[in-house]
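Following are the structures in question.
Each of the next two complexes has chain A plus one other chain: chain B in the first, chain C in the second.
Presenting the complex of A and B:
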């Protein structure tokens, strides 16, 4: 139920040892794109020693390992499977890759949907054991489609919608792709609101400066919390399955949604 | 054989190791006066942990914490084939 997922490079001590100051609900330590081939071993050893020495109870920690078809997948998992992390972020996700990861570890898996084939397989991917969320990787997805990304994001509208729908249908979280212009706060807020309105539960980021806006957007508003409290209170007083509140019909799905919203608000001390 | 690991970025250190017929540790650090002994202790303990006695270790430190110094040394050792993990 995290609102924000921040990627940090897995071989950069200055970022790693400060991961608790960025105020991201979840941190993804990256072994993939931000670590050169030469330093993959270095990152594994650094993170192993770091997590043996320090622990974080209030932050969800994930490691983005290298993809199943890479030379580094097996070593990445072997080196980290006994560490105190919430799970793995799996790039270039496929059903086969998740099955192989599940043979090596029982930790949570967040597959990155970053190819047209992965998007077509999204339902099967969401249905795999230990999968707790889907993450859209729009950079690789658009690269494979042979199209350019725009700040407006209309080219990824279908992928976003589909991932949000699949994740909700399978009762797992959905994490939106990072907003790549780290200087544009207005654009980031608009992009985050677009994702939230499509049904995403959270958004990933590549820069600590983006976390605050993402947390704001994906937090329940005061009005939403007040409304949810009224619904839950009236539901407790009501003996019928459905009832009317301010002229609107309130039934079980709406009551459950209000309860979920209050759980989220409670988690973030709102 | 000489191997190295790490970098000269802030909060990191560059460890270089090479053959020697005795244990030698050379430390360059901007915080040597305050932390030189501690850096040497981390290096010594890491070598002991891996039962390595004769080696030359050069550490160019940029304010690395203990876990980073240990990690960079272990990576350099691994690259030389001194350890397997």
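Presenting the complex of A and C:
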């Protein structure tokens, strides 16, 4: 139930040392795109030693390993499978890649949907063992489609909608693609709200300064919490399955949604 | 009409000519201000004459020493300088003194302490050489006009009144009245005309930017939340932050709170930047009391906005000045190179005992403000900012109220009132020892390498109390 997932390069000690400082609910230590080929081994060594010495109970930790079809996949998993992490973020996800990863580890998997084929396979991917969330990787996705990213994001509207729907249908989390302009706070907020309104449960980021806004957007508002408390209270007092509140019909799904929202508010100390 | 009664100040076209009127060998206590920062031509121009004349036993009183003041280094190496009394120094002069000391001693004063010393005759100055960007024939001057404008001339005002001989050095002598001059020409003895008093690029450093570093951003966020929880950001409050990236980020975050809660501040003081100017122009603060300008926007604001007021170092921070501005200061945000378990702060030397700065207004504002907040990363490079005892005390711990880091906030146990207010805070409030232990988890306890063999200088508080010694590396 994380709101924010922050990517941190796996080969940068100053960032690794501070991974719990940035208030991201989850941190994704990256072995893939932000680590050059000649630095892959040093990232593995750094993270292995670091996580053997330091543990984190208040944040979820993931490692983005290199893709199944890369030279580094096996080494990445071997070096990290005994570490105290929540799981792996798997780039260029496919059913086959997830099956192979499941043979090596029983940790949670967050596949990145970053190709048209992966999007078409999203339901099967979501249904795989240990898959706990889907992450949209819009940069590679649009690259494969041969189209440009825009700040408005209409070119990824279908992918976003589909992933949010699939994740909700399979009762797993959905993580929106990072907003790449790290200077634009207004754009980040708008982009996060768009994702939230499509049904995403969280958003990933590539810069620590983006975490605050993402957490704000994906946290329940004061009004939502007050409303949820009223619904849950009235539901407890009510013996019927459905009831009316302020002229609106409240039934079981709405009560469950209110309970989930209050759980989330409690988790984030709101 | 009134000006007709005033005396025209003698204009001199060459420094050699000045010393035909003034005996250089009898005038060896000399002062400068540092408003032209690294772009200053005046200090080297004047001191080259002292080098050439092989004047011995010089006592130097610059308000600060920057890397470009190379003539000072030559004079020290030639053993022509006896003592230096200043508020801040870095660069080659600082490094040389750290390694070798002086013939006499280095005295590190505060901005307010320097003004007080000059006014009360403790710092006896024979000649004040005052770089002045805009001067008229009566010797009136302002710093915010002219081709080499630098903004406020605050640090030079006590010198311009109390030195035995006062010399304005300018490249811009005008035949116009100057309304509300910063320097009153009736005190001035000579105007020394030069081609250029400085280099514009070096005068305005252009380094005043809000930090984007995520650790700095986190520290600033913690600071603004702390101030908000303490109820310190309220209508009519006063505030000072330096020009450092984190301090400016705090200013930005405080601004956001002010806008959200419709709060207007009474004044901001100290060194002024474009961010402070913006807030003045947005109507978020009533007045800026400016002792030095950090950027061009601040300089230009000073020349056009009556509510942006240049002040002298004495009015800024002299504890015996009845009109002292910072006695009404509510909040100050300051940095630290080191801080210790007693909340003593060092911004004078690094952990290797190299001189890298000095108090400036650090100790002054910490002493007077109602809430003094130190902002710093818990770990700098591989070194924890918290030590059992700082290498050099710049500001006494009794005047420091809060330390804000990215991993938590420590409140000085002396401030029981603040601790009480924060009793139910959701902020991470811990002891300074606990913060230190968090840092040690990453760094272990660094080996202490401080040497105490030879004293080369001392840190003098604004009360004139010597609060620490400075040792040779």
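As a convention for this text, the second predicted complex is superposed on the first by the 270 of 270 C-alpha atoms of A that agree within 3 Å, B and C clash if a C-alpha of one lies under 4 Å from a C-alpha of the other, contacts with A are read in each partner's own complex, and residues count from 1 in each chain.
As a convention for this text, a residue touches a chain if its C-beta (ideal position, glycine included) is under 8 Å from a C-beta of that chain, and two chains touch if they have at least 3 such contacts.
Predicted model only: the values in this text are computed from it and were never measured.
Using the contact criterion defined above for the overlaid structures, shared-chain residue A:50 touches chain B, although it does not reach chain C. When the two structures are aligned on the shared chain, A:171 is found in touch with neither chain B nor chain C. Looking at the shared chain after the overlay, A:239 reaches neither chain B nor chain C.
Residue contacts after overlaying the shared chain place A:42 against chain B, while chain C stays out of touching range. Look at A:17: by the touch rule set out above, it reaches both chain B and chain C.
By the document's definition of touching, of the two partners only chain C reaches A:269; chain B does not. Taken together, the two complexes place residues 17, 54 of chain A in contact with chain B and also with chain C. The touching residues of chain C, counted against chain A in their complex, run 212, 214-215, 217-218, 221, 379, 406-407, 426, 441-442. Those residues of chain A that touch chain C in the complex are listed here as 17-18, 21-23, 54, 207-209, 212, 269. Residues 5-6, 9-12, 64-68, 70-72, 74-75, 78-79, 85 of chain B are the ones that touch chain A when the two sit in their complex. Chain A contributes residues 12-14, 17, 41-42, 45-46, 48-50, 52-54 to its touches with chain B in the complex.
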